[in-house]
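Across the two complexes that follow, chain A remains constant while its partner is chain B and subsequently chain C.
For the complex of A and B:
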């Protein structure tokens, strides 16, 4: 039977001089899925990519590709191909030769190369562009050539280092769909690096949120968006209102001086926690019906919705996304459901978090 | 530059013409008298091709021309190869300080006077027991050409995107393949520029060659010098004219080559 785990990091550390870039990173990636490494610049996500590709060596820890330890295996001996941020296409070669480069290195027969390159070009919708020079191609087309150059080698894993960052918004959205589609058709594992949370949410099977050399949280886009483990994740993925609170007991939480029903459990009684409520989960109501009373400070038209900044009596800021029109200075009520309150414990590790979540999933199914 | 001068164009044109006249008159004067049937450059007596006939009959001179070209081509070939690896080595140093130091050491050789380089080679060869002649001239020409090649190749290397090498390795290329399939093709224009520059430096070098050449071996520039010292003969004029035409031809070829590559990139940018 084929190994379902394709990439495995085991306590990997990476230091540049005294700078710790990756701090004890352990994870597994399954064959045939679309993974995204998401984090701010300098968080270590590109270093993970370079470690998988073999451009750099881990300071300590073990890296496995397809069950084999690859720590000291050079990049040219790994069944991994990369799509670079600046595409890194060879300017002295035309489109055909760029894509054929990897096959030529393998000493493949010319006839076979021609078939494969043609196939790869079709995959990225560039059929007929074989003889173009790289300078003749637009940014989006170069992007496709770079992808074709990677997939033509039929690697186990394709690494994509912020490949969409140089494209304009419309093209980027289109490429997001195409990449996702391509990954499904090919069934190859994609590891995609980005700092764009929307991109990550839209494309991935699973997201690894990384900050300061550590994986903060991993999970499906929905998991991560709905149940952020800590303040960083909540803040980095989407926009959030974060306030300090106290967990009175299971399913009962208090914040901004009031007590609310919630769906979280498994904390100590009266434990100090942080509360996240997404701006789109806040509903504007007349003041008397609202759970919170706030005064509107600013309104920004965002196209799809208004972005409202409001302040409550205790001085907390609330960000609200709504399609309703409101007036600055107006007093309104805010309403939200028990499900839209997300409770985060301070300094909870991913392991503890998963355990607690697992426990209450069981509780739910028993009930 | 041209645009800046556009306004004061008539003055600029006259100035330019004067400068070029000043630069080319001596050469044209020399060539003019190479057709003089009188034996001196004092007065023009009548048209003749005798000096050229003499020139092409002179087997000794012909051998010297061959020597000169052999030295130039061999030395620039070797210097280009050594220079490429030198540039690669300098480029491979990640630290700015080390890189700049090495580059400065390279540049010092470029700017130091030929006389000093020639004298130092002479001392070196004498101590080293190398017989002065073809080998000593070849070695010294190689030596003074290497810094030129390094200087012309290095900018192309710096200009190259380092992720290209990552990409090549990622696609399965080993170090040798990265060098031959990616780096060398990329820096080819720099290599050609370096080779041609080394060629011209070697062809017209006088000072260094004068120091290190020995009995029975001579290059054109040294030969012309000794002919001129022995007394003016219009042979020299004929030889200079031929050399001048040859240089012009080289320049035209170089120009055409450049035009073609320009046209290509312009076509590509459309």
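For the complex of A and C:
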């Protein structure tokens, strides 16, 4: 019987000399899903991939692939293939031989290799490019060769380390679609690394947000966007307005000197919290109808919407996304619903967070 | 337009140098090769070159240069490989390079002392019960000393090639299921081949025309084209024949350069 869990990290720690790069990382990944590791540069994303691939060993903790502990199994014995950030295509081999490399290592017959390489090239829309040299290929084409070289081995897992970062915007968007399609067709688990939150939101079944060697939050793109666990996640995923506040009691929160209804519960009375409101959840109203009164500081046209920076009487900045046209210096009101107020507790672990949200879901279904 | 002029002016010293010290000597050597020992214009030197004496000498030059290059390569590649893995690799590299700054003659004389009848090597052989051996003036000592002298020049380009090799190629090979040996044979070696070629050129070409060592270490038992040229110019005074051998030596070097050229 097949395990549904394909990758598992159990309290994995990684140190370089005295630098703690990964600190007690624990997670599970299911077979056949598209996962994204998202975080700023230097947070340890590549290190996680290198641990899965077997290029480096964990300082402590356990790593399982398909239910087997693999801590000491070398990279060439793992059913995992990597698409490297710099592609790492062999410059002395042509496209065919690059893709065939893994199959040759398995001592596959030449006739079968030819069939497989051809199939892989078709998968990445490069049919007919077998005899090209690597240096004759464009950046986008090299990218596809690197993907073909990985998928041709039919691994359990494909690791992709910021594979799209070197491509221009248009090509990148196209490749995002193609990669997602490819993953669905192949049904292989993809672990995709990026520092681009839009890319992560667009592509993933599940996102792991990482900062300073720790997983901050994991969940579907919508979960993470709608219910960020802390300031870092809220800031990193999408744009947000974050203000300090106080949880008066369940469903009642106060910030910027006023009290509002909200949908959060499970905190201590009068607990200090942080409030997140997404810029697109703020609605512009006439001053007298607004919950907040602000003065417009700047307006930027972003193509689909205007990005407005406004300041309230208490001196808080508010970022607003709207399609309405406004004038700098104008006083407006801002309105928002109870649902668009997201309350975050200080130093809440992901476990506690999930528990609190779980209780809240139950409460909702009982009602 | 203006830039081109300036560039031409900069080219002048270079062109002068090349003409004076490279092209003129080659033409002179070519010119002298057409005179026999009495100073008459003839092609007798070329006919002489194709007699068994000189052909054998050419072959033996080749053979020794080949052995010296091969042995240097066999020792230098793994050495360079492990050097790139050490912590203070630049320092270790420097330690290997330093002996090449010592004058060749000094090193040769040092080896005469080391390999001589009453030198430390024989003392050691005596001590372990093998007994005194004739080490100096053998093929072994000649090749040993030549390899010792040339090996830094083989290590340096190979070290550089290995050092510049991106580690992600090795990860990629590993990732695709290659064992250590397969990674070396299929990826590391082919990608450092340019360094190997450069090293072979730097060793093979001077090894072909070695002459001091042949006398000092090999006791004239090994006669190479280099020795023959020296003898003709300094001893027999047959400059024409010496020049003819030099012409062939240059031809051989030229062919070797093309064969090991980087873009072939």
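Here, the second predicted complex is superposed on the first by the 367 of 367 C-alpha atoms of A that agree within 3 Å, B and C clash if a C-alpha of one lies under 4 Å from a C-alpha of the other, contacts with A are read in each partner's own complex, and residues count from 1 in each chain.
Heads up, the rule we're going with is that a residue touches a chain if its C-beta (ideal position, glycine included) is under 8 Å from a C-beta of that chain, and two chains touch if they have at least 3 such contacts.
A quick note: this is a predicted structure, and the numbers were derived from the prediction, not measured.
> Have a look at where A:88 lands relative to chain B and chain C in the superposition and call it first, second, both or neither.
The answer is both, since A:88 touches chain B and chain C.
> Have a look at where A:177 lands relative to chain B and chain C in the superposition and call it first, second, both or neither.
In the superposed model, A:177 contacts neither chain B nor chain C.
> A:101 in the overlay: touching chain B, chain C, both, or neither? Say first, second, both or neither.
It touches chain B and chain C both.
> When the two structures are overlaid on chain A, which partner does A:16 contact: first (chain B), second (chain C), both, or neither?
So A:16 meets neither chain B nor chain C here.
> Is A:133 touching the first partner chain B, the second partner chain C, both, or neither of them?
First partner only.
> Regarding the shared-chain residue A:75, is it in contact with chain B (first), chain C (second), both, or neither?
Touch status of A:75: both partners.
> Could you list which residues of chain A make contact with chain B in one structure and with chain C in the other?
Of chain A, residues 53-55, 74-77, 80-82, 84-86, 88-92, 101-102, 105-106, 149, 153 contact chain B in one complex and chain C in the other.
> Which residues, counting only chain C, touch chain A once they are in their complex?
166, 168-169, 171-179, 182, 186-187, 190-191
> For the complex, which residues does chain A have touching chain B?
53-55, 74-77, 80-82, 84-86, 88-93, 101-102, 105-106, 133, 135-136, 149, 153
> Help me check something: in the complex, which residues belonging to chain A touch chain C?
Chain A residues touching chain C: 53-55, 74-77, 80-82, 84-86, 88-92, 101-102, 105-106, 149, 153.
> Which residues, counting only chain B, touch chain A once they are in their complex?
Counting only chain B, the residues touching chain A are 161, 163-164, 166-174, 177, 181-182, 185-186, 188, 265, 268-270.
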